[in-house]
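Consider the two complexes below, in which chain A is the common component and chain B and chain C are the respective partners.
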Partner chain A sequence: MDNSKAITVENFNVLFNGDRTKHLHVLENISFDVKNSSFVSIIGPSGCGKSTLFRLISGLPTKDSCEIGGKIRIYGRKPETASKNRDLGLILQKPTLLEWRTVAENIELPLEIMGYQKEKRGKIVTKLLNSMDLTPYSHYRPSELSGGMQQKVSIGRALAYNPKLLLMDEPFAALDEVNRRRMNNEIINIWKEMNKTILFVTHNIQEAVYLSQKVIVLSKKPSTVYKTVEIDLKYPRNEVEGCSKYFKYIKEIREYLNEASN
Partner chain B sequence: MNALRKEKNKEREKRPTRSFFLNKSIKKILIYLFLLITLLTIWQILLEYFDIPKRIAPKPSDLFNFITKEFFIPHSQGYQNILVKSLFSLRDALLGFLISLILGSLIGIVIFKNTYIYSILFPFLFLTQLIPVPALAPIVATLLGYGFFTKIFLIVLFCIFSVVVSVRNTLINLPENYTLLLHSYSPSRKEFLKYLLLPSLVPTLLSTMKLLCSGSIVASIITELPLSVKTGIGKDIYNSFNNQIIPRVWVSTMLISIISLLFFICISKFEKYINKKYRYGQF
Partner chain C sequence: MRQVIKKYNKTLISISSLIFFFLAWELSLNIFEVSKTVLIKPSEILNTCITDYDILSKEMIYSAKEILPGWLIGNALGFLAALSIYRKDRIAKRLVNVSVLVNSIPLITLAAVLGGIVGTNQNQKILLVSLITFFPTFITTLSELTNIDEGHKDLLLSYNSSEKQILKKVLLPKSLPSILNSVKVTVTTAIFTAITAEFFGGYGGIGIFILSKKGLYNLKLVWAGIFFIALFGSLFYSTVQLLQKRLVRWQKS
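Here is the complex of A and B:
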């Protein structure tokens, strides 16, 4: 087992055999690696199968009409096993918070399911609330928070059981520009401070360049890895945001995306 | 301190006081009372004017006389007035209501989880809804006897379908992101039920309870007719009708309506309280 690789995707193919989507080839020979402790983004045209790939890497159940070929490994294990082993934390497009639980109780949810002792749960939740500046909102209901705060809680919930890998599916897509940038900085801080590996799915080129060390560009259906761009920029990225190299990456990825969409 | 108190009193004096007639709920009650009295008066005048006999339509005064006799004049020992009989029917309705709710939820969850069981069980459940309870009652009674258990069984049969369907529909329509999120924590079936399915079902069950409260009372009354249950308002209405005691039939019907209404109000208040306080199933 290669410990330097958090995710390995090899010759991965997905074919849908639905009533209306007969033999729809969604993903074709997708191969890429995500190194341990790295921040990688996946970007691609709308409907190219980013979310399908995300779902399969997360080990979530797929539709019965879905045929899968190739292999995905998370720290050398199958995604389902890695998920059971608490190796991965999910952050979805919508915050997906339970309205009948408070902010603190939402963060506590995975710990409760995973059978942590009450005392230990309390300590972890208090620590997370403090580190994410959520303590004043601990007794709030999710609907009483803004969209950005809700997503922050969902990140806290994913971090609660300390997974090595965070999988994020367009988590900030619904946020305005100011909040999105604030959350981008927060996620970079979490990645650096907690030494996580992050796979970030997005359709926003600027966000991908701002956050990642590597951007994987997918083509339209049947989706293949069109290009991989290594982002050689220092962190914190807000200091290099205005430099020409930063814009060069954005331009380069935009061109790749245009080519991949045609 | 005194200055503070004086200021507070001044503030209180400044606040506009609510006049008695501005209180909405009192106003509403007064309007209802006025309408009721007007209706009863018109009813009394019309029946007297057209000289309609009591066996066709009793006057409000006949109903009032019956109520006085039934509730305020002492009867022989062992006599059950219509309120007691109604409460017996209500007890059975409540029992059927609870069983339908619990059993219906269980069946709804099972057929949501297992499509095979759904395909086998659902046609049978649907068939029970096609046959009216009074028609089904004699068949069930010959199998299970003419007593209490058959009555409860029939009430459950009458009510359970709506619970099963609404539970299954709610679970089918659960937002996918919530089920995916829970899956990512690899929960056991019990945990999945505890953390997502049951809380999501609360609003559905509460609104289904509102439907069931009248349904179970109707079923309780209807099932008394073909069965040999001794106590119950349904049987009493049937016997009173056969003996041409029409004011008794009218008052009994009104009493059932009032009981159903009160039951409905209680469930509505309960629903409002739970939904507001706990916010279960709100996505």
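Here is the complex of A and C:
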């Protein structure tokens, strides 16, 4: 098994066969890969099929009338198998916390479902709360937390069962600039310290450049990989944020995105 | 501390407004001359409640034996029925529609017919009460269970949880507040149903009692009966409310 590649997508095609949308080609010949321990972002115009791609990589069911060609492999396995193998951690656009559970109980949820022993669950949760500085909030309910904090808890929940790969679908889209930047730094720390592989879907160019080693630009429907940009900047990125290279990347991706939207 | 005062204030306001209501009633009857066949003073009613406590409580208990089992059976069946079919999507949606329709029919009119079929004993009232309390809880439970947040569903699927786990960890806790609300609403429905059914005939109960005393123009006992129903109703309702608050504490905080 080729372990250097976390995700490989090969000649991937998706067609919707709706009543009104006859044979709508959503994704066309998409190919890319994500190296193990890397941070890759996918950016594209809205409605370009990012979410469909995200669902398929996550092994989630898609709309019934969906024709799929090509293949997606996660550590050499099908997404569904990888998901069963607990290789995937999902962080969605909305925090989707269970409002009747406290922060600690929310983080514990996947562990309960996966059948971890109670003692082990407690240990993992305590450790995670500690390392994410969430301990003071462990007994709070989601409704008592800000949007940023809620999303942080949802990241904690995804980390609980220690998946190798984190799949994030515009997780900070609803946050203001300051909180978004704070969460960006947090996620970089998590990526580095816990040695994760991250695939990050976003529509924010700044965020993509700030976070990733590689940015994949998708085009409008039918979506293809328009360009791939390697971001050759050191971490932590807040130190290189002012340099011309950083802006050059942003400009470059913006141009690609403009071209890809036409 | 402030919260304690606030909470205290709330009960204080409701108690004082109740006292004010009865005082106004009492005083206005002192000032205006109203025939005793129309309205009597609350003090007299209270007096009757005490002097005739034995018979009143006996009749109330008789009715309670129709109300409580009926209410329990109706709600339990409503909940269980919804639980057993919520996963059959198409049937569930149709059943909700049909039930909403049935629920809008004043089923209490069945009391007139049911008497001829099953008799007018306590069991007839239990049957009616459970029939009428069944639908609200069935409809609420079914629509709550068939309505899951897509994000939660995706998330649980990504943990490979079974349907049973989804039910236990997400659907039931999520639905609990609404279900308990419906259970609470059916308290009033149950009392109303049993007593109205008694008006159509029966062998005992506070409804029959009120009806017969009305025939005798004994307005004191009629009113005392109404007071007993009100007392029973508030006790029943507050018990369920207390239970609800205990069970869904997370919603308030």
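Annotations
In the analysis below, the second predicted complex is superposed on the first by the 262 of 262 C-alpha atoms of A that agree within 3 Å, B and C clash if a C-alpha of one lies under 4 Å from a C-alpha of the other, contacts with A are read in each partner's own complex, and residues count from 1 in each chain.
By definition in this document, contacts are C-beta pairs under 8 Å (C-beta built on N, C-alpha and C of every residue); 3 or more make two chains touch, one makes a residue touch a chain.
Not measured: the values here are computed from a predicted model.
Superposition note: with chain A as the common reference, chain B and chain C are in steric clash. Of the two partner chains, both chain B and chain C are touched by A:96.
By the touch criterion stated above, A:141 is placed in contact with chain B and with chain C alike. Once chain A of one complex is fitted onto chain A of the other, the partner contacts of A:78 are absent, as it touches neither chain B nor chain C. Of the two partner chains placed by the overlay, neither chain B nor chain C lies in contact with A:127. Of the two partner chains, chain B and chain C are each touched by A:114.
Once chain A of one complex is fitted onto chain A of the other, the partner contacts of A:192 are absent, as it touches neither chain B nor chain C. Residue contacts after overlaying the shared chain place A:61 against chain B and chain C alike.
With the contact threshold set out at the top, residues 55, 58-61, 83-84, 88, 90, 92-94, 96, 98-100, 109-110, 112-114, 141 of chain A are in contact with chain B in one structure and with chain C in the other. Across the complex, chain B is touched by residues 55, 58-61, 83-84, 88-90, 92-94, 96, 98-100, 109-110, 112-114, 141, 143 of chain A. Across the complex, chain A is touched by residues 149, 151-152, 154-161, 165, 169-170, 173-174, 176, 248, 250-251, 253 of chain C. Of all the residues in chain B, the ones that touch chain A in their complex are 175, 177-178, 180-187, 191, 195-196, 199, 278-283. Residues 55, 58-61, 83-84, 88, 90, 92-94, 96, 98-101, 109-110, 112-114, 141, 144, 161 of chain A touch chain C in their complex.
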